[in-house]
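Heads up, there are several structures right after this.
Next, two complexes with chain A in common: one pairs it with chain B, the other with chain C.
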Partner chain A sequence: MKKLIELKNISKAFDENQILEDFNLYINENEFITLVGPSGCGKTTLLRIIGGFESADSGQVIFNNKDISLLDANERPINTIFQKYALFPHLNVYDNIAFGLKMKKKTKEEIDELVNWSLKLVNLEKMKTRSIDRLSGGQQQRIAIARAIVNKPKVLLLDEPLGALDLKLRQNMQYELKELQQDLGITFIYVTHDQEEALSMSDTVVVLNDGIIQQIGTPEDIYNEPKNRFVANFIGESNIIKGRYLGNKLVEFENTIFECVDTNFVVDEPCDVVIRPEDFDVVPLKQAKLTGIITDKVFKGVHYEFCIDINEKEYIVHAYEDKEIGDQIGLSVDPFEIHLMKVNENENT
Partner chain B sequence: MKTRNISLPLYLIWLFVLVFIPFLIMLFLSFTKTRGLDFSHLVFSLDNFKDILDPIYFDAYVNSIVLSAIASLLCLLIGYPVAYILTNLKSNKLKNILLAMFILPMWSNMLLRIIGWEILFNPHSILNSIGISFDLIGSPLAIIIGMVSTYLPLMIFPIYTSLNKLESSLLEASYDLGASKFQTFKSVILPLSLPGIYSGLTMTFLPSATNFALPERLSGGNINLLGNIINSNFGKSFNYGFGSLLSVILISVIFVLVFFINRKDKDGDLLL
Partner chain C sequence: MKKSSKVLLVILALAVLYIPILIICFLSFNDSLRPYEFSGFTLKWYSEIFAEKTLYEAIINSWIIALFATAISTICGTFIAIRISKLKQKHRQTVMFLNNLPIVNADIVTGISLMIIFSILGLHFGKYTMLLAHIFFCIPFVVLSVLPRLKMMDENSYDAARDLGCTHLQAVFKVIIPAIKVGIISGALIAFTMSIDDFIISYYTTGDGFSNFSTWIYSRLNRRSFSPAAYAYNTIITFGLLIILIYINLNSKGDNKHEKKH
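Now for the complex of A and B:
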């Protein structure tokens, strides 16, 4: 894969508030990469630096081996889908989509052809002459997409584009965006705080916190092998338990010895054990490795979510059978569902 | 919505009492001859309609409309850049100071400001002491300067409001789609500030066209505008019937103009 964009040593501060410091990242051609993190983590700032709406205090933005740090937004071969769509209210659907082409002085025939092509891609051919304020949120979203891709950019930046849509529509649009990205072969750089969105659409997920990359990897990597407590907590739900590696693929926590699959620890090294709520198996008390008391339960549709008290610590467990609050429950975990993380002294989360 | 339900009829009552009824009275008076306020000698006649054919009144209409139109356009030419600069000022302090500079003069009496111009436009003015002398009284230029200086803020504020309402993401979208600064101004900023321009034009044109103190003080009796003719019919010659007819025509012209402008300014929230 070819590197398309490289961010080198990017630093950016707003009024003495350092958002990014010495930030490095590269993005491949045709990649669907998602920057995910809590608000204030610097993800939107990064996107705006790539788009040319903010300039970095120091560092370079390299596009196709050329430094584009000093180019204005209108000179970059990059288009953006804005959070609130930013459609032009004084123009109708057709003129909104044609805007970029008109600025590039394309002929009327070219514009016509391209606008029709992009309207077809987003399934809104019939809306051509509609005014913007007579479109639903989902339709506006599609027009914003059409307006960007009609320019055939090499890179599309998406700033929480689905944030304003309702759940069902958001899920549909996730599929459509993914499909669009694969069909068009455009690099998508997607910013979201929604971890589920990040996991379901991306080739690569970049988890950010406080302007620092916590982990880069495929969605599977990020979910199954979080590198630290932040990632484990932010991406999905986790039970994080203090443990001790015993060597020979054995780990001890809650005064019990478990088999595990991780090996990159020395004997007696303290570690953080991550177990996802859905990875616990509910078993008869006799076979249980851990037993606890159910303190709370919530019905979630597909499963029940139980809060379980084990040795006065609270665990979250997903299970399919109903149990009553106050019941004793026995749990076990398969070795490959136990993930060990290095303990980072500086982390509080 | 609740406040609206209460205030709407109230507003209609005011409109009825203060605008509609006086208009009907003037319409009625247009068909009469009176001697001042002594309505016991009131007689119906169509003389007013004959009198109005005198070219002097037609000239007054033309003067009013042409001079106010020029003044409004000048206000636009000066006011738009000012509003644009105000909107884009980064320092709030500077912005407030500049806004105050445009608002404060409006708090002083308009007549005083006009008399100020009157003094300066005289060949023998205080300016002689620094070697400058104007002889502008009685010229259209004097009236236009008076109009522009009086009503410029009413052009700046609605444009400033509409520019302020413009979301920065729209400008970013425009740059993002490859538009240069100038293209962005032409294709996004200008069209989206049109409502402000329309209300600015209304708010400078209407009072300019109807003001009577301004031509009275600055025309030196040379130039008749509608405002001062109407004023002299009511205040000097007590010819209520004729004054009413002139007013009714003026109100009708204004009504038609405002009707067209309101169709452009759909939000209607730009008229201060």
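Now for the complex of A and C:
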């Protein structure tokens, strides 16, 4: 794969606030990459630096092996879809979409053809002459997409574009965006704080916290093999347990010895054990490796979510069968569901 | 309160509001030079507006000053407001406080302080000092009228314009200004009405025999040379405004019906 964008040693501070420090990342051609992290982690700042709306204090933005750090936003082959769409209220649907093309001085016929093409892509051909304030949120979103892709950019930046939509619409748009990205072959750089969105749409997920990359990987990697406590907690729910590696693919936690699949630890090294709530198996008490008391339960539709007290520590377990609060419950875990993380002394949570 | 006394109160209130206007209107048709005697109906004061050279000039001056002051303060005020909207919350509040101070300040203080500044600067008092003063006191009103429109805009509108290929200046003219058009127009209207009927500040900042309508009236009050043509001009202004207001009212009602159909 070809590197399309490279961020080299990017630093950026607002007033006294250091948002990014010596940040490095590369993005491949035709990749759907998602920057995910809590608010204030620097993901939007990063996007604005790539788009040219903000200039980095130091460092370079490389596009196709050329340094574009000093180019203005209007000179970059990049288009953006903004959080609240930023459609122009004084122009109708057609003129909003045609705006970028008119700036490029395309002929009337070219503009007409391209606008119709992009309206077709977002299924809003009939809305051509509508005024912007008479569109629903979902329609405005589609127009914003059409307005960006009509310019046929090499890269599309998306800043939490689905944040203002309701759940059902958001899920539909996730599919549509993914499809669009594959059909058009445009590189998408997507920013969100919604970890579910990040997992379901991306080729590559970048988990950020405090301006530092916590982990880069495929959605599966990030979910199944989180590198540290932050990633394990931020992406999905996790039970994180202090344990000790015994060597020979054995790990000890809660005074019990479990088989595991990780090997890159030395004997007797302390480690953090991650077990996802859905990875516990509920088993009869006799076969159980861990037993606990149910302290709380919530019905979630597909499954029940139980809070279980094991040795006075709280565990979250997802299970399909119903149990009562106060019941004793037996649990076991398959070796491949146990993920071990290196212990980082400086980390809280 | 009884219904009849309520009606009486409304009539009294309306009378207090409208009798002075009606008296001026009445006097504009009065043949006599003195306001306290009626000697017959005439239309001659209406043609007198053009015949009485000093009055005619003063009226023209008022309009020229108001038009220029409106144009210049609207342009300046709009750009100032755009800049203010880009400031951080804390700084914006400080700047807006400084902007609003001249609005609430007494005209007489503004007038005298401008007079002192102009004389310190050694400016020649006349139409240019008056125009400068009018621009000065109109700008805060324009800023105050434009800023809320800017706040209503999507915060990323400017970035979106840049993203789609606009330079800084193109983004302002193609996207920001069309989006805040309503605020700019209402700001210009406020500036115009503030300027065209200003007396106090004009009085302190004019010179060289240059007068607008209000300073002209002040200089002629209780003198023989006062012409009732001024009443005629006032009457024209009043009824002109009335017609414009009725027209706008009728039109906006039409708009509402139009909206409902959709």
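Keep this in mind: the second predicted complex is superposed on the first by the 349 of 349 C-alpha atoms of A that agree within 3 Å, B and C clash if a C-alpha of one lies under 4 Å from a C-alpha of the other, contacts with A are read in each partner's own complex, and residues count from 1 in each chain.
Convention: contacts are C-beta pairs under 8 Å (C-beta built on N, C-alpha and C of every residue); 3 or more make two chains touch, one makes a residue touch a chain.
Keep in mind the model is a prediction, meaning the values are calculated, not measured.
Clashing of chain B with chain C is the outcome of superposition onto chain A. Of the two partner chains, neither chain B nor chain C is touched by A:Leu70.
By the touch criterion defined above, A:Asn151 lies against chain B and chain C together after alignment on the C-alpha atoms of chain A. Using the contact criterion defined above for the overlaid structures, shared-chain residue A:Lys104 touches chain B and also reaches chain C.
When the shared chain is aligned, chain B and chain C each come close enough to touch A:Phe82. Chain A uses residues 51-53, 72-74, 78-80, 82-84, 86-90, 99-100, 103-104, 147-148, 151 to touch chain B in one structure and chain C in the other. Residues 48, 51-53, 72-74, 78-80, 82-91, 99-100, 103-104, 134, 147-148, 151 of chain A touch chain C in their complex. Against chain A, in their complex, chain C makes its touches with residues 154-157, 159-167, 170, 174-175, 178-179, 181, 262. Those residues of chain A lying in contact with chain B across their complex are 51-53, 72-74, 78-80, 82-84, 86-90, 99-100, 102-104, 147-148, 151.
For chain B in complex with chain A, the touching residues are 167, 169-170, 172-180, 183, 187-188, 191-192.
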